[in-house]
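My questions will all concern the structure given below.
The first chain written gets the first letter, and so on, giving A, B, C, D and E; residue counts start at 1 in each chain.
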Amino acid sequence: MAPDLECVDLVKKFGDTTAVDNVSFSVPPGSFFSILGPSGCGKTTIMRMIAGFLDPTSGDIRIKGNSVLNTPPNKRPVNMVFQHLALFPMMTIAENIGYGLRRKKMPQAQIARKVDEALDRIGLPGIGRRKVNELSGGQKQRVAIARCMVLEPDVLLLDEPLGALDLKLREHMKVELKALQAAFDTTFVYITHDQSEALVMSDQIAVMNAGRFEQVGNGQDLYYRPDTPFVAGFIGDANRWTGRIERAEGKALQLRTSTGLAIRATATDALAEGDIAELFVRPEAIRLAGNSGDLGDFENRLQGTVTSILFNGAASRVLVQDEAGETLEVTLPQSGEFSSLQRGDRVHIGWGAAQASCFKGAA
Amino acid sequence: MAPDLECVDLVKKFGDTTAVDNVSFSVPPGSFFSILGPSGCGKTTIMRMIAGFLDPTSGDIRIKGNSVLNTPPNKRPVNMVFQHLALFPMMTIAENIGYGLRRKKMPQAQIARKVDEALDRIGLPGIGRRKVNELSGGQKQRVAIARCMVLEPDVLLLDEPLGALDLKLREHMKVELKALQAAFDTTFVYITHDQSEALVMSDQIAVMNAGRFEQVGNGQDLYYRPDTPFVAGFIGDANRWTGRIERAEGKALQLRTSTGLAIRATATDALAEGDIAELFVRPEAIRLAGNSGDLGDFENRLQGTVTSILFNGAASRVLVQDEAGETLEVTLPQSGEFSSLQRGDRVHIGWGAAQASCFKGAA
Amino acid sequence: DTLRLLTWGGYAPDDVIELFEEQTGHTVEVTKSNNEEMIAKLRATGGGGFDLAQPSQDRIMGPQMEFGIYKPIDVSKLDQDLFIPSMLDATMANTTVNGDVYGVPHVWGTSGLVMNTAEAGDIVKDYTDLCDPAVAGKVSYRLKRPTLIGFAFSMGEDPFAAYDDEAKYTEIMEKVEAKLIECKANVKTYWGGGDELMNLVRSGEVTASMAWDTGGWKLNDDNSDITFVAPASGALGWIDTFVLPAKGQADDVAYEWINFVMQPEIAAKITAAAGNFTASAGADEFAEDALKAKYQASFPQEAIDNIKWYPPVPAGLEIIEGDVLDRVQAAN
Amino acid sequence: MRAQARIGFILLLMPLILWLGLLIIIPHIDMFLISIRERISFGVYETSLTHYQKALTEPLYLRTFWRTAVMSVLATVITLLIAFPVAYYIAKMARGRLQQVLFLLCLIPFYVSELVRTFGWMILLRETGIISHLLQWAGLADQPVEMLYNDAAMMVGLVYTSMLFMVVPLVTTLESLDDSVVEAGYDLGGTGLSVLREIIIPHAMPGIVSGCIVVFMLSLGNYLTPTMLGGKDSLWFTEMIYNQFIVRSNWELGAAFGFMLLVLSSVIVWGMLRLTGRTLQETLG
Amino acid sequence: MIPTIPRSRSFRLIYGTYVLLFFLYLVLPLAVVATFAFNNSQFPSLPWEGFTWNWFFGEERPQIGVFHERGILRAVGTSAFVALCVATLSVCVGTTNAFLFNRYEFRGKGLLYVLMLLPLVIPGIVLGISVLVFSSTLANGLWDLAQIDLQFLRPGLLLVILGQFSFITTIATLVISARLQKFDRTLEEAALNLGATQLVAVRTVTLPFLAPALIGAIVVAFLMSFENFNTTLMLVGSDAPLTIAMFDRLKEGSTPLLNAVSLLLMLGSSLLALGLILFQRGR
């Protein structure tokens, strides 16, 4: 089966700046594909090329196997949910949803039926007569999606559609969006700079940086097996060091930081002795202990002082300052075992070499 | 030692609505006191009464033991950091910080010295000549605090000062604010609707709802020992049921939900057989297991199907649907033990009665 | 002191003002206007705002009786020798209300036809000839009462004789109205101010028009084809006066001004600027010969004898005329 | 604190009341009173509607009244039609510097008095004017062409004079139209025309209404342009008012005319607001 | 129909040409007026008789220049005086109005607001005659009652100023209100909180914030007054402002002198406007 959407060697230059730099990917039918990257990395540019609002400098865009480069935006079998939704404020909800159908010259009665169906689908039956500004943020969101979905596009593009919502609602809509995709059974291409959105919803995530794709994979791949230091740093929190490789035996490494700390780690890139490397350890990979004996099976063990307790329910952390003066963020176990920990307490911490990813660093 | 700030039976009515309903609290010198509650619960109203912009309908406000009810706002020994900071855009940073000192008719030279000191204190020396809009969000934040602190107020009021910042910066400023309080050694009264801000920073937190204080305590108290169902639901995530008490033996209860599920729990309020009750279980209190034997020591054990995996790095969860058809949110252990879990897998889950808080419910 | 003078264009040329200011130390502020506006302004101000005004002698009695906008002139403060006696007497007689004199003469002249004789000279001999198709789109006149009067005369009526007979006057006006409506298509535009007309004629956009004599004479300098022609039915003679607005605040300066400008040399300067002769006795001597020559060319003796001088307008007539003018304007 | 607020309130209210009372409301009431006053003889007056009667029966007045109304509406429509594409260009097509420059260019005529603008058109249009010369030079005319003193010339002047007051509100509202809304229109299959009809024009409606109201008011109340550019038939109602006051000294009739003009403008403005369901506050405030 | 939507070449060409023609239409009359200020002829029209500065600096008739033409100079002075008075008055009242509508809730506020807008939909001539009629009623009444003659109630500068003030105030109010609405009240509260009294807070925080609007309103009011014609026409006494003086001359026929005056006016107001824009951009 041909992929629903395929981009081949896509390049977009604005004058001197290359906003999108040779990006290729394909999205299989019915899947939820996210592009995740920091602000300004070129996400919107890709999406606007797919929708037809920008011409690629080079490369090709194919939908269901056919190049759409010469198809104007109003003829492309893709629809787009804009960042600020771009609902038509001068129309009612029903008129908004029916807009595309009217363009297709569908008979009035059929439009009305389709609109009602769509409203049912998004769980908002009977709001067709309302005005756009009479809806809440989450409701607007769903209407924007319905407006596209009634046209049964091959691909639905979503450009940071949750960006404008507040925190609680965003949490909620993450789950909802995924459910809507299942309900409509359409291919979604989703843009965001919020890792948790991408992780929670997507089948596949492309991590983008400075116009290029750094890694494409599912959430677990990216979180547990980052290919590049950028991915390791961008997705999830991490304690981070830069240092020089002291010993390298196959994948097993030892790195010494500028403060003199020696850390055992696992190589992700090919690294040799003397190389400069970057090392990442997630806060939840570090184990707290009252005495060093409890950390027996960890390759890395340190002693330190608690400088701060960041109590935050299930996501509580402590800041531990080691003897070299570096501060590490360590997740408090949910067991409640360390709930009596105080500022100034001496603790032991440790983590396995396998939990410490090491990448070739900039010299 | 007299508390820095004391509110006694504070009431504020706007026409028919009672925005603040008989609130009393006192804040000891040098502490970080937060008022946490949902939007519209009356937080800002309390703060504006303390600052003098609103007259209480009844009750008293005392600062260092003296009632300030008849003191106009510009004479009260409290200062306020506004939600959107309210830096004066037409003035430079130095002029902003010096504003209060000029009102005190302090000599020019002394003002300049004090302003420089304050800028040093907030870690932004030498930016006095800049305009407000030349600063980043976090820098503005600190300037707003410095502008109040040069006046050496007895109490500093902060009304959701992080509300306007973006997510990453907000995370960072939480830690920073706590450090600034330590540096200035002043009493902070902090308003927020974001539980994680309150939990991370405060010595004491008052949870407010519909004009009343539901509970006052430190973060652990509120998270682990909520007094009311509102607090249990508002702070942290929780699975929530309503049901009828089937058996009550001292603190040990058994509750049956409308779907027929029987849950063993611990009473927080006094509850008798036949009472309607609300029950809360945190997602991280629920243990996942491949077979029910692994859950031996838990009073509650269920079997269910994974309906969704919300992978989100360290904060990943699964949705499990039990046999009665209810969906439970369960935290995935950080050990990676269940990383291969799939949608549709059958799992066993369990939790202790002590982890299930039970409150008297509405009939 | 300041003399606020409400007058016609050309009656207070800058050089005269400068001389006056030099000699007396007063300042003069000039507002240019026409009869209707002068009266309306004075009415609006209740006779204030100005210290000296110059409406035509036929427009003094009526407004004074109705609105009381003038104050009597103390003729003794004037140097009466400076005036041409016959003109002074006639003006004083025409502007006396309840025994008080309200006006003394200043400038006089006629209305008739200004035309480019080369182009329209053969066709236009009288006002009604302006309606000849041969000059269609090339003629102009004012939509004001002199036009009504002029057309009436050239249609063989005598409107002045009917001044006291409202019915008769109305009848005459109705005929004029019909004629003017018929003539409307011929008109390029109705002119408003003297200089406007001069520009129209000078540029060749208009070849014949009912107008003041002076306009024709001035244009004659540029283009010898253009001149003033007394119409066959007779030119209309007018005298513009000096009057004191009821609430003028500088009467003494006003008297000083009158005495100053009536001196023959000064009067001659005004003649040069305005193009019309004044009531100043002996100013002729100082007037330019060229102007006198033009005057004589336009006015052979029989034309002088045929000048119809405006009698004072009785109250009520202007309403009839106003309605006629409105209807002409409205007609398509 | 209460008392202080009260004093502040009264101090702020006073200027408004004095201004509106003494310069707007009472003068208009007085004008109305004058308009229903009939002069019987010297100093004797009676209340009557005779001036309104006269205004409504005399064909000249009536015709001028309607003519002014219709021509003003026409001028408004023409202005809108000409201005819309330009405003759209400035708001949505031009970017950055060009946008600013074009917008400022639009303001230029506003910074010059109406008199000068009209004067400019007279120089252009008159028989001996620039255009006439150009036509002859180009061989399109073999003798001077008079383009002044007719309704078309007057219309050109009216439209020119009001252009800015249409362009500015249009640009402002069109600028507030999010590009992405237009893009969404295309993305969902719309064509240029349907997007214009269903999205752009409805969005621009507030600007269209306020532009139209202002332009209409300006045309209706214009005096200079019709008198200077209009011909012998191009009578304008303001001219009639001026004539009654200044030429005929008939204040009573003039006041009646003034009042009629006021009513006419109010009715049409009210009608436009009604038609588009907007309030005066939203439109002007 | 925005740049991101592909459009055919010919469409873009036609649209561009239309816009170009439009701007030509905008500048043409002004360019013509400006050009003929330098025509060495009595008429501001073709034929071109050569270039001269005489209409600006000429000292003797017939080509007496603007700078030696007393009537015009006096009229400019009058206009400037009137405009200054109107700008000051209307910006003061506009400011109090803006504060009133922004800061207070009271009965009849909506009605007062509509009344405040009303002058914008009253034709200028009607405004003029209503003021004229009312002031005459007052003056005549006083005269009949007590034989007191108040000349300032008669057509003249005061009435011109009041007449213009009566509608320019609305514009000033709108300009200032728009800015005041954007003012964040908490800034004032912050000032109070930092020890300022209410008045000091307004002086040190609110007014500086309003400054661009106040200056903008002054400039706009000044320009509008300077070029006002309709209202002034009905109220003018012996001191004619420039527009009226020019109109009187224009009625009589035009000489390049008027072009010269016009050109100076254009330069003056463009400079003023430019200054304003630069000032506001500097903020």
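Please note the rule applied: a contact is a pair of C-beta atoms (placed from the backbone, for glycine too) under 8 Å apart; a residue touches a chain by one contact, two chains touch by 3 or more.
Protein names from UniProt, one per chain: A, B = Spermidine/putrescine transport system ATP-binding protein; D, E = Spermidine/putrescine transport system permease protein.
For clarity, every value in this text was computed on a predicted model and none was experimentally measured.
Common neighbours of chain B and chain C, by the contact definition above: E.
Counting only chains that touch, the fewest steps needed to get from chain C to chain D is 1.
By C-beta pair count, the most extensively touching chains are D-E. Chain D and chain E have centres, each the mean of its CA atoms, that are 16 Å apart. Mean C-alpha positions place chain B and chain E at a centre distance of 56 Å. Taking each chain's centre as the average of its CA atoms, chain B and chain D sit 58 Å apart. Among all residues of chain C, those that touch two or more other chains are 41, 44, 203. Residues of chain E found to touch two or more other chains are 4-5, 43, 45, 132, 254. Each of residues 126, 128, 183, 186, 245 in chain D touches at least two other chains. Of all possible chain pairs, those that touch are A-B, A-D, A-E, B-E, C-D, C-E, D-E. Listed in rising order, the residues of chain E touching chain C in the complex are 43, 45, 70-71, 74, 132, 136, 139-140, 143, 149, 151, 154-156, 237-240, 248, 251-254.
Against chain A, the residues of chain D that register as touching in their complex are 178, 180-181, 183-191, 194, 198-199, 202-203, 205. Of all residues in chain A, those touching chain B in their complex are 167, 174-175, 178, 194-196, 199-200, 219-220, 223-224, 235-237, 282-284, 308, 310-315, 331, 334, 336, 339.
Those residues of chain D whose C-beta lies close enough to touch chain E in the complex are 4, 9, 11-13, 15-16, 19-20, 23-28, 30-31, 34, 82, 85-86, 88-89, 92-93, 95, 102, 104-109, 111-117, 119-124, 126, 128-130, 133, 160, 163, 179, 182-183, 186, 192, 195-196, 200, 213-214, 217, 220-224, 228, 238, 241-242, 245, 251, 254-255, 258-259, 261-262, 265-266, 269, 280-281, 284-285.
Against chain B, in their complex, chain E makes its touches with residues 184, 186-187, 189-197, 200, 204-205, 208-209, 211.
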